[in-house]
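Both complexes below contain chain A, partnered by chain B and then by chain C.
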Partner chain A sequence: MKNNKRVMTLPGMAVLFFCAIVPLFIMLAYSFQSDSGTGFTLENYSRFFTKTFYLTLTLRTIVNSLLVTVISLLLSYPLAYIMAKHLKGLKNIVMVLLIIPFFTNQLVRVYSWLIFLQDGGVFERLMNTLGLVDGTMGLLYTRAAVIIGLIHAFFPYMVITIYMALERLDNSLLEASSCLGASKTTTFFRVVLPMSMPGVITGIMIVFVPCLGTFVEPRILGGVNGTVIGTVIEDQFFEIYGWNFGAAIAFILLAMVLVSMAAINRLGRRYEG
Partner chain B sequence: MKCKKLLVGALALSMVLSMAACGSSSGEKDAKDGEKTKLYVVNWKDYGSDDADFIAAFEEEYNCEIVNTYMSSEEELLTKLRTSKEGDIDVCLPNCTILPAAINEGLLEQVDTSKLTNFDSMFERFKTQKECFKDDKMYAVPFVWGSTAIAYNTEVIKEAPKSMSALFDKAYAGKIAFRDDYNDAVMSAAIVLGQDPNNPSDLDAIKAKLIEQKALNKTYWKTGDEFSKLFAGKQIDLGLMWSGQAAAMKKDNQPISFVVPEDGAIGWVDNWAIPSGSQNKDLAYAFIDWMISKDFQYNWASKGGPAPVNQAAAEAIDPEYAASAGMDEASLNRLYFMEYRTDEVKNTWNELWTEVKAE
Partner chain C sequence: MIKSIFMKIYVLLTILFLYTPIVVLMVMGFNESRYNSLPFQFSLQWYEDLSQNTRLIEAAEHSFYLALVTGIICVLLATLFILGVQSLSKRTEGLCRSVMMMPMSIPWLIMGLSMLLLIRFIDMDKNLLFVAAGHVVISLPYAMLVLQARLHSIDPALEEMSLSLGAPPLTTFRRITLPAIAPAMVAGGFLSFMISFDNFAISYFLMPAGISTLPIEIQSSIKFGFTPEINAISTIIIGISLLCLAIVGLIMGGSLKNVLGGNK
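Now for the complex of A and B:
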């Protein structure tokens, strides 16, 4: 029986091995290779850390990703809570609305934002009509536009993971809390929030990590200010065939991701058991 | 990381396929009399030479079959030339940025221009295109050329800009779209600063100029479509643009005009070459000869293709159209054609451009 189970994991493991692990190691090998093609070198890594602008770009990318994650969290939590605890049939409709953007191509979504945010675009006209803003907003091709585009792309993941955690939360626990005399706020902070933490932490990871690697939204919505570390990697691969250096940057980014995941995990462990 | 994986896969697949294709063809060629000779051509997709009407006419005339394979980048072509077996490719289309590497590595046959009846009708400029030569021997034949210069909105800007410095002019602040490309960026700044665009002497000055320019842009554009949307939406008044795209936009009735300014702009040339070991050299010559003929070049260019190298074809094109597409001889003589760059130069320029964008 035990052997049988092991056999059944083989196809899946094989796919993982050949499609994820092997290419990763090929890229790792590239990152330690010199462009002139002679043996092992650390020059790709040292190049990254000796040029200040690569670090500036990395820092900018991290700050962007943090902003996106925090704002997504603030938007998602109330929505997920209401979906899980207060909406009955309606929550399916909200879920469909959340998922629909995934059916559209990423570029289509980005271009919709472009049209929506541009000078004289839908958003500006709406704001002018409402009298909230007078004249041109100049929102497109700024960092704000990039953040908006990224939040739209990633916050549904956050809503779904938090929703699933809250859905599992037994309502009788909430009733027990209120029977024991806890106010609604106390119940929320002492029961609901801690118990939904695993969902929140998964959500943070699922938004923060892919955000670090994006390059389409920043480039199209950010204009001259939209360069992030993902763009640099893209340029290395497509523009100058600098696979060695591109791979090195990708691995530096991966290392940062692993470190931040470990940190977030540690945070999460406090809420377990 | 994903792209790398795909590329490796695609490369392996294309090698397997090309070997399979080659194995069967060489066997059958000798075996059956009825089998037509196959001419293996590597080119860009939808780039004139794979036009259905042309292929039909050529196959009829020479009783042969054209087998097209496509490249997605110049570097890919170079890899193909390095890894393919003799006879896998009969004709290919390298541009000047990879040509010297291919010639130096002995990947290309020397070209005998006496076998090309249309060679003499080429612009003098292209008969002596320096990347095509090594030790005074010719290895490739120029096919088409184009330019990257200034396109502007004729409703807003009444007089054609006379200098590349229009792209660096505060008068157009917020209304400029510059290109997100390290090569175009460095070359245009060099032109404005009076340096040699192909061998700039002062990269620091270029960097400073580009950083100064950054503040004037609406945005950087990468695909022609992005530029076209910005232009149609009246978000920009002028920008660094390709001649071909500007011509296509003019055909769509946009109020656009293209100009190669007096201080020059950036040019590029695509060339035909015969890889070493080609089994069908005579047919390959016939193909190249057809490609640079007046008829072919005129038809393609007037349909919105790039500019012809054939002088008679160029002269037959409506002068107004030619001028607005930057195809006229005056524009041609003002261009700095993109040269071959070593990896080191590419890296330095790309890093400079990244620094400008990070600023």
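Now for the complex of A and C:
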């Protein structure tokens, strides 16, 4: 019986093995070959690490992801807190409203920002009418547009993870804290915030890591100003046909993803137990 | 009192941020202007154009069939896996689980490109089978999370009881386990369906020339000058997604947020 059951994991594992693990190793192999000849070479990697263009690009990708993460966090925490502690019946409606965008097409969402932010678009009209901005804003095809699009795509996940952590927080702890004479601010910083840290850490993971690998939002909303590692990899494969170099950059991106996951995990371990 | 009003305004503003561009897009689909510009004048022209656009309709069909196949395969693989994985030793179980969850943390860009290199490496042409395989790999973790959440809530004693009362394993599965996890199978299927239906990255890298899906069509119309027909089709896509979400939500109830908040 036990052995029979074990066999049932094989189809899934086989699909994963042949369609995810083997391809990654093939990609690794490609990254160590030059476009012209065969044989092992490190030239793709050395090209990446010796050109300032690629290093600036890496820095920009990281800064973008950090900005998106920090702004999402600042936006999410109050929302999650209000949902968990102050909205009673409404919180389920807000939760559904937050989940819906997960099920709307990524490209539809990016496209909607394209229309919304374009010159002469609704946002510009709105700002002009309110008298906040005069004339053209030129917001589309800037880094700001990319960051807005990415925050829009990722912050609901962060709200949900922080909300789940805050909801688990026992209200009697808050009462205990105030009974013992702590002010609201002290209670927040000494009780609420530390107890919600696992949610915050998961949120950071869910936002920062996927941000590193995006290429659709930067390309469409940022144009030439949106260049990040993801868009350069896409160019290498589809415009320049430098597949080996592209594979090397993809591996550098993968390494960045794995390193940041490990770092965030480590950070998270401090708040466990 | 004032504090509570401020809080409600804050919630409202974030929801507005989330929905304004999407609502603008939907409204512009009913606007006469070709350039999504104001003033607004109601027109159904873009929906009429859409109904004539065989290219987009074909792309929609491809998206649908691809998502259907992906959904079915994901449910089968995920169900088999989560039922089987418990019988492994603790260490192997953990290892297998993290392997299956791996596509959730690797950017789809890298997943898609590495499969493209695989196809080139084995010297084959791009075909729909590879696209489907790619979709299955990235959707599988979500189907597994849904099934896992459901399986956790089942009392293992039920199965043991059935077995000790003399029911053969297959009967136990058919009469006890299957009915218990069936709703999660449906929900997991819809979830994988949606992820596949919406996927751009994997399809974009692996689709054979001449075949496209809706997200690919949207991308290329953004690239080569967009028309409000795209607003119309986007509105329809949002409608379909909401319908799927409603179904998944009805089946899974409140535990849906656990799936999204799981690990990504």
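The rule we apply is simple: the second predicted complex is superposed on the first by the 251 of 273 C-alpha atoms of A that agree within 3 Å, B and C clash if a C-alpha of one lies under 4 Å from a C-alpha of the other, contacts with A are read in each partner's own complex, and residues count from 1 in each chain.
Operating definition for what follows: a residue touches a chain if its C-beta (ideal position, glycine included) is under 8 Å from a C-beta of that chain, and two chains touch if they have at least 3 such contacts.
In this text, all values refer to a predicted model and were calculated from it rather than measured experimentally.
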| item | value |
| --- | --- |
| Room on chain A for both chain B and chain C (clash or fit) | clash |
| Partner chain in contact with A:35 - chain B first, chain C second, else both or neither | first |
| Touching partner for A:193 - first (chain B), second (chain C), both, neither | neither |
| Which of chain B and chain C A:202 touches, first, second, both or neither | second |
| Touched partner set for A:67, first chain B, second chain C, both or neither | neither |
| Touching partner for A:223 - first (chain B), second (chain C), both, neither | first |
| Which superposed partner A:53 touches (first chain B, second chain C, both, neither) | first |
| Chain B versus chain C as contact partner of A:241, first or second or both or neither | first |
| Which of chain B and chain C A:144 touches, first, second, both or neither | neither |
| A:182 touches, of chain B and chain C: first, second, both or neither? | neither |
| Greater residue coverage of chain A in the superposed arrangement, chain B or chain C | C |
| Clash-bearing segment of chain B, relative to chain C, as chosen among 109-117, 217-225 or 253-261 | 217-225 |
| Overlap of chain C and chain B interfaces on chain A (superposed complexes) | 19, 23-24, 26-27, 30, 114, 118, 120, 220, 237, 243, 247, 250 |
| Parts of chain B lying in touch with chain A, wherever the complex brings them together | 1, 3-5, 8, 75, 178, 180-182, 214, 217-220, 222, 226, 229, 233, 235, 343, 346-347, 350-351, 354-355, 357-359 |
| Chain B contact footprint on chain A (complex, rising order) | 19, 23-24, 26-27, 30, 35, 51, 53-54, 56-57, 60, 114, 118-120, 141, 219-220, 223-224, 227, 231-232, 235-243, 245, 247, 250 |
| Complex contact set, residues of chain C against chain A | 4, 7, 10-11, 14-15, 17-22, 24-25, 28, 35-38, 76-78, 80-81, 83-88, 96, 99-100, 102-103, 105-111, 113-118, 120-121, 133-134, 136-137, 140, 169, 194, 197-198, 200-201, 205, 214-215, 218-219, 222, 226, 230-231, 234, 237-238, 241-242, 244-245, 249, 256-258, 260-261, 263-264 |
| Parts of chain A lying in touch with chain C, wherever the complex brings them together | 1-13, 15-17, 19-24, 26-27, 30, 75, 78-79, 82-83, 86-87, 90, 94-116, 118, 120-122, 125, 152, 156-157, 160-161, 163-164, 202, 205-206, 209-210, 212-216, 220, 230, 233-234, 237, 243, 246-247, 250, 253-254, 257, 261 |
